[in-house]
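This is the structure I have questions about; it appears just below.
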């Protein structure tokens, strides 16, 4: 799906973004994946690369999704999906589970995002301060607590507005926490100087990416 | 002889007063004390504050309790679910109060209540709408907000096994909020799938020691419903 | 051992004090017994009265002392004595064990005391502010945390000084916490009006007891 | 493949720096990581802050470390034991610093460090010498003092079983401070009596999940010594 007359490139789809993020997760990391697109990442970590997935409801060491008809009804993740355990898995209660999160024991948390700002702020839970009963869940704890916070998101909204912004307009989830963003167009690191482009999809050039981005981008 | 088992739901629910704060275990459909929630609906207490992770779904359980206008206030992290229309309608109509708490702060505030900690500091919610109005303080290189303990008058808990001292185990991810809430209420009421003899749970495998449990009702209801 | 010309009475010995306190512990209470004389109390709770004994190092449901030669070297109490478990016992870690204490879940803690004051203050851990390296252990947590704090102690020191005082002179363990005192002469409740005499050893009269006591005593 | 087992004591102790704060599990002789303490003596790090419940006894273990003048400061609840002469002599001579902490406050401060809580309030020590100089604050009807988290650079832990992910169990009252300290250090080193295969510890019976463990050394030393 080329998207300008000049540059010819194909944005990643949701699975492509998940796969791209999965490539960067090394063996041995303890990782929490948020609901939605982040959850897909687990499917793209090869089975022989041991990554230990954590869920807020006190599960450490989740494996692949169960075969249909073989669900354990007592075993769900924070997205209320049925999951399985790998050998070496364990359960803790909710306070201990969030002690793991808050205490900085997770190597990585990956969340979705409405907006990510160049100062590392994340907005991903409410679309306005007047939102009726927005659901925050564990997002604020995860965003503030994990050693690293990555965000996976489309680069723009369906109407073309950039989700990579100089300052978030939506209510914040956490301040100054995002370390890296995987979009359908690129991989951005958040550094003291702002967003730094680490990778772009084939055929995309820096200027075209900048034109589609609210925040100022820096070359690697 | 200590015997925390009660034989009827009426005994289990005895004394829950109007205006009580009720902590309810479970996460999603797993580890949720459905029979006790139905017992509370039957029992009649009103003007309740309900503390749980989700604000109910469908028209049963906590949603039914809200629909009956018995809930003044709900404290939770995730009020929105696929089928949370009862809560949403009451909330939009201004007929129920909501205190929205990040999930980990919710768990820790309940744990603090059980552990005799009146308040603690956390980085969660600093700089956000949910941190507004909270006392903020710097420790080291970071800002934190002060959060208060969240005790219950009553906790409703679902266990896998229980003995007559009230020692409990939980099954798989049915553990979740249950052991935390059990510590934090003046009256902790448990529904258990299985009744075991004293000593059947090895001492190192007890997940909630009976000191945190007041009443146990045997409710062998089987697996949680499929979604 | 009569002790004045007028009154003829026999003070309790250590075991007698422990037995007197044990008589007042009802079935179903969760109880922590401090090191020393308090520990003796467990011996005087009849086996058919279920009282659940807690120890700071994470043991709930201790039974009688082990037979010599049958000690489990992995199972000690806070006094570092070998203990046994009753069916229904359980282990928790130290933070959970003190959450039980601090959270007000123990029905009763019984400690020894250097001094108990009529305002419920207890001094039982150090004999002066200049004490070299006094050992506090869990005494402050227990005294501040349990639902009820009882003290078992001789009524006077070996030199005859009253340990039942109007105000403590020794460094405090906790303020306003003591509910009841069992001495070798009497049982005292601590009430808003001060010490109230609930019981005296046979042959002892109120005035004689008052004469041996620094604090003002109130009749029941 | 994740494998947290190390083969030698030197590997286990690698990188412990001068000036480190070392949390040491155990209560009395039970659950005490004696081999790792000996390893630390051998390793040579000095100017240490040692956090543990007791200040050592005899002339071995922590007492030996103190006697070698490698300990600048000790944080404990019970410095006095039947045979704590090494500590007492150094302390009277002004050659070691002591921070005396009530046992429950010690456990909770360590727990707080592991749980990302920089500070909390407790009623323990209010109105006493140990509460002096601490910030005091009223919540409800009672006064409390503020206590700070107590993190370690290193934790030394003794376990009963361990697998290659670092999942642990503890035996009987050997649990004590071990699981709490395991959460609170940047580097958690475990000596384990038994090595088990991944999956041998049922998921609901894991007492310390491997996320809190960095290195495990197999030390099948048997029962603690009789007193």
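Worth a mention:
Order of writing sets the labels: A, B, C and D. Residues in every chain begin at 1.
In the analysis below, a residue touches a chain if its C-beta (ideal position, glycine included) is under 8 Å from a C-beta of that chain, and two chains touch if they have at least 3 such contacts.
The chain list, named the UniProt way, goes like this: A, C = 3-oxoacid CoA-transferase subunit B.
Note that the coordinates shown come from a computational prediction; the quantities given were computed from them, not determined experimentally.
When the interfaces B-C and C-D are ranked by C-beta pairs in contact, the top one is C-D. Rounded to whole angstrom units, the spacing between the C-alpha centres of chain B and chain D is 33. Look at where the CA atoms of chain B average out and do the same for chain C: the two points lie 36 Å apart. Centre-to-centre separation between chain A and chain B, using Cα means, comes to 29 Å.
Contact with two or more other chains is made by residues 108, 111, 115-117, 122-123, 171-172, 175, 203-204, 207 of chain B. In chain A, the residues touching two or more other chains are 91-92, 98-99, 101-102, 145.
Taken as a contact graph, the chains fit none of the simple arrangements: neither line, ring, star nor complete graph.
Pairwise chain contacts present here: A-B, A-D, B-C, B-D, C-D [touch as defined]. For chain B in complex with chain A, the touching residues are 27-31, 55, 77-81, 87-88, 91-92, 98, 100-105, 107-108, 110-111, 122-130, 171-180, 207, 223-227.
Only residues 108, 112, 115-123, 139-140, 142, 144, 148, 169-172, 175, 203-205, 207 of chain B touch chain D when the two sit together in their complex. Against chain C, in their complex, chain B makes its touches with residues 1-2, 111, 113-117, 163-165, 167, 183, 197-199, 201, 203-204, 206, 209-212. If you check the complex, the residues on chain C that touch chain D are 55-59, 71-76, 78, 80, 91-95, 97-99, 101-102, 121, 126, 129, 132-141, 144-145, 171-175.
Residues 27-28, 30, 50, 52, 54, 60-61, 85, 87-92, 98-106, 145 of chain A are the ones touching chain D in the complex.
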